[in-house]
Amino acid sequence: MTTLDLTEATRRPFTGRRVRFGDVSLQVVAGTAAAAATVLVGLIVWKVIDGARPAIAHYGIAFVTRIAWNPVLGHEVYGAGSFLFGTAITSLFALLLAAPLAMGIALFLSELSPRWLRAPVTALVETLAAVPSVVIGLWGILVLGPALRTHIESWLHSGLGFIPLFGTPSPAGASIFTAIIVLTIMILPIVSSISRELFLGVPHELKEGALALGTTRWEMVKGVVFPYSRGGIAAALILGLGRALGEAIAVTQVIGGGVFIHWSIFDGGDTLASKIAASYQGSSTNLQTASLVYLALILLVFSLAANLSAQLIVRRVARKHGITRGGHA
Amino acid sequence: MSAQGLTGPGIRIDRLPRRRRVNRMMELLAWIAAAIAIAILAIVVYSVARRGASELNLNLLTKDPIPFSFGNQPQGLANAFVGTLVIVGVAIVMALPVGILVAIYLNEFAPASIRNSVSMVLDILNGVPAIVIGIFVYGLVVVGHGQSALAGSFALACLMLPLVARATMEVLALVPNSLREAGLGLGIPRWRTTLSIVLPQTVGGIVTGTVLAVARVAGETAPLLFTTSFVGTQTHWDPHHALQSVPVAIFELSESADPQDHARAWAAALVLLIFILVASLGARWLATRSRAKMLAR
Amino acid sequence: MSTTIEPTVRVETARRQPMPPRERLETIFHVEGLDAIYSGKTAVKGVTMEIYKNLVTAIIGPSGCGKSTYIRCFNRMNDLIPGFTQTGTIRYHGEDICGSNVDPVAVRRNIGMVFQRPNPFPKSIHDNVAWGLKVLGMKDNLDERVERALTRAALWDEVKDRLKASALSLSGGQQQRLCIARAIAVEPDVVLMDEPASALDPIATQAIEQLMHDLKSEYTFVIVTHNMQQAARVADMTAFFSISQGEEGRRWGELIEYDATERIFTAPSDKRTEDYVTGRFG
């Protein structure tokens, strides 16, 4: 008959320090990291506001709509108007072009493609997202821009040149139009990959129920898949828009620069982000620097708005479909 | 699948030919959309590969740029490659520990409300445009102390942090609770269980997440423009200096009028692209493998 | 062979209309040597039978005998499952529904289906019924058609005041009746039902059975059920499937016996049928 050796157990006291030093330390250190991350975001917002303060003080809110940017000493005047316009035009048109393409890709990958093609094509589309913006911009300046100019811009101008939208093509192909195409390419992967996941998540029974009535696949997609994914698609589009808003490098490489608003999309221009990037080599005065940071502030506000609304939609959709985030605390 | 069959009493066809045509057209459009996406990728990669390969040689990595040369002396972008190495390296050192700790806190200690809020904060951080991060670090550090690779690293670390934290959180969540309970049941304190038992299970996922984050920030130009772009042509290793980086070098060369500069830009872009693609695809492949392993357990 | 047995189920012959004599029955489906195979594994083997117009045909049998797989062959729903193949033929009004020139969309237009678990669309009650009508070009008198379908599904009174409400706000039994309304609104020729009442309470079940009884003259019903009493109540013809075993532990479903419901339950020819209906197994 063996007896349990209880000496070890009795030697280790049950009562003792209720809270271990090690546990507290880890929690404190890890908690500090989490707090630091939160503080970081606040710090970013604060620092940007702080940097813009001289310009805010000087121009107030009128800055936002003023169409001007003249760094010449003695005639200095700055305003965000034309860049806001450039941002709006490029981002919205890019979204307009990217949305149907992204939906098509997502439908292809979720409904139409043969099984063996699914994984490779998905990987390829995600790879497009991995290409750095400076490389897309390089390709944009040296390959896409000239090609667009030769083939599309001249053709559109000669045919439809009476429409002010299609003015004289710029010499090197650097234009708002090229920037729109570049942005479309850059936001395509994110919108399509979110949409693809949404479409794959539509319950099979719903799709079967529609098909069993004798509808075609497209009718089923239109009647069941799209309505079911409606919220998620909205979030995907907003995230794409946010990405387009913030893209500075590729846009500044291909957009040609310009302060005034033109009708023709074949002219140059600037967006908020591209103007900031274009000015990196330094400003002559404090006011100019502060104005640049003011541009960054406006950009930050729009990005945060897009990001937060997308998050809101995602949370609401997740709640509707009963998905929650994990954790083991 | 055109339609003859199915005639007979009570059989209705109901504008089916027209609906079938519409269906066909939509399917075609979807195929075309996918083809366009692949074509774009192919064209971009092909352009970079073709134009970059011709200029690709060892000089690119070993020789410094020579300003105002007339194209005869061998030159390269050594300063940029070394600079990127240093900048990204320091960024990893800055972001990785913090990211892991944040994930540990959120997954192991935080109540649901804090977890959700901080997760949201991380998502917000992820959504701040890189150029704004650049301006932020400019205002925080550069204004007082001038440009430096450290400042650039800090900017990149801000971009990496949400990616590393999220990746770590995902793998931490995959570790079965039974493992934690086993540790605690043996009398091992919480902190020890987390660090010695749970965390080692996640190493694969953390590595994958870090590699993906590195692939992402290695190509980032905007955060470096304001923090580490006023550079000379010499190669330095000291992060207190402003160092050249590959993306900034490509950016500057792309805006130049000199075709020689363009050639070097393509070559550098090729190297950068190869690195990023190998890192991204490799990490994803590793991730699917290790996730399959974890779930099979 | 004609020894009568004591079934566990009483066939309610009194309440239902007698089946027309065999000669006057019109064949709507002729199944010949049907094998249904999932990724190389045979689920159902060698089924040959005829399904008659304007009758309710029940398919009964123990779980795992491939009843659902079998019924899904009739409207080519198995096409949606990767790795599925089928040999043998199902002829619908003489035409092979898997023929190379046959569009599954046309098949499903004529042969509707109600699934085991209710699957209403995330739309309003009205739109659930109306959507199919609109897409299939039956837009005339839309509201009347919707009302008629809901009435026949014994749902109209319960929802007539809240047609705009979401279908998901209905109870399980109501959702299933909505799915039935949706299926019959587009006036198919045949309605396939895969265990439609298995998730429902007795009252909802009774409503569905009554519906089949009432609408039999316009539609043909084929219903899969694991509930023998239901088959006895509702079906004119009953097909009994069971599981057969082969070498290497392979199992598949087979049609054992197919006859008028009364015979199946009172004087089955096959011992396996008798064992099943008397509750000795299954």
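Lettered A, B and C in written order, each chain numbered from 1.
Keep in mind that, in the parts below, a contact is a pair of C-beta atoms (placed from the backbone, for glycine too) under 8 Å apart; a residue touches a chain by one contact, two chains touch by 3 or more.
No experiment lies behind these values; they were computed from the predicted model shown.
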| item | value |
| --- | --- |
| Most central chain, Cα average position | A |
| Dominant interface by contact count, named by its two chains | A-B |
| Distance-maximising chain from subunit C - centres being C-alpha averages | B |
| Inter-chain centre distance, subunit B versus subunit C - centres from mean C-alpha coordinates, in Å | 53 |
| Averaged-CA centre spacing for the pair subunit B and subunit A, given as whole angstrom | 14 |
| Multi-chain contact residues (two or more partners), subunit A | 216, 219 |
| Two or more partner chains touched - positions in subunit C | 105-107, 109-110, 135-136 |
| Sites on subunit B at which at least two other chains make contact | 19-20 |
| Subunit A-facing residues of subunit C, complex | 75, 77, 80, 82, 105-110, 112-113, 115, 117, 119-123, 131-132, 135-136, 179, 182-183, 186, 188 |
| Subunit B-facing residues of subunit A, complex | 12, 20, 22-23, 25-27, 29-34, 36-38, 40-41, 43-44, 47-48, 50-51, 100-105, 107-109, 111-113, 121, 123-128, 130-139, 141-143, 185, 188-189, 192, 216-219, 221, 239, 242, 245-249, 253, 273, 276-277, 280-281, 292-293, 296, 299-300, 303-304, 306-308, 311, 325-329 |
| Touching residues on subunit B, where the partner in the complex is subunit A | 19-20, 22-23, 26-27, 29-34, 36-38, 40-41, 43-45, 47-48, 51, 97-98, 101-102, 104-112, 114-125, 127-133, 135-136, 138-140, 158, 161, 165, 172-173, 177, 180, 187, 189-192, 194-195, 215-216, 218-222, 225-226, 229, 247, 250-251, 254-255, 262, 265-266, 269, 272-273, 276-277, 280-281, 284 |
| Subunit B partner contacts - residues on subunit C that touch it in the complex | 92-97, 99, 101-107, 109-110, 135-138, 189 |
| Residue ranges of subunit A in contact with subunit C within the complex | 115, 203, 205-216, 219, 223-224, 227-228 |
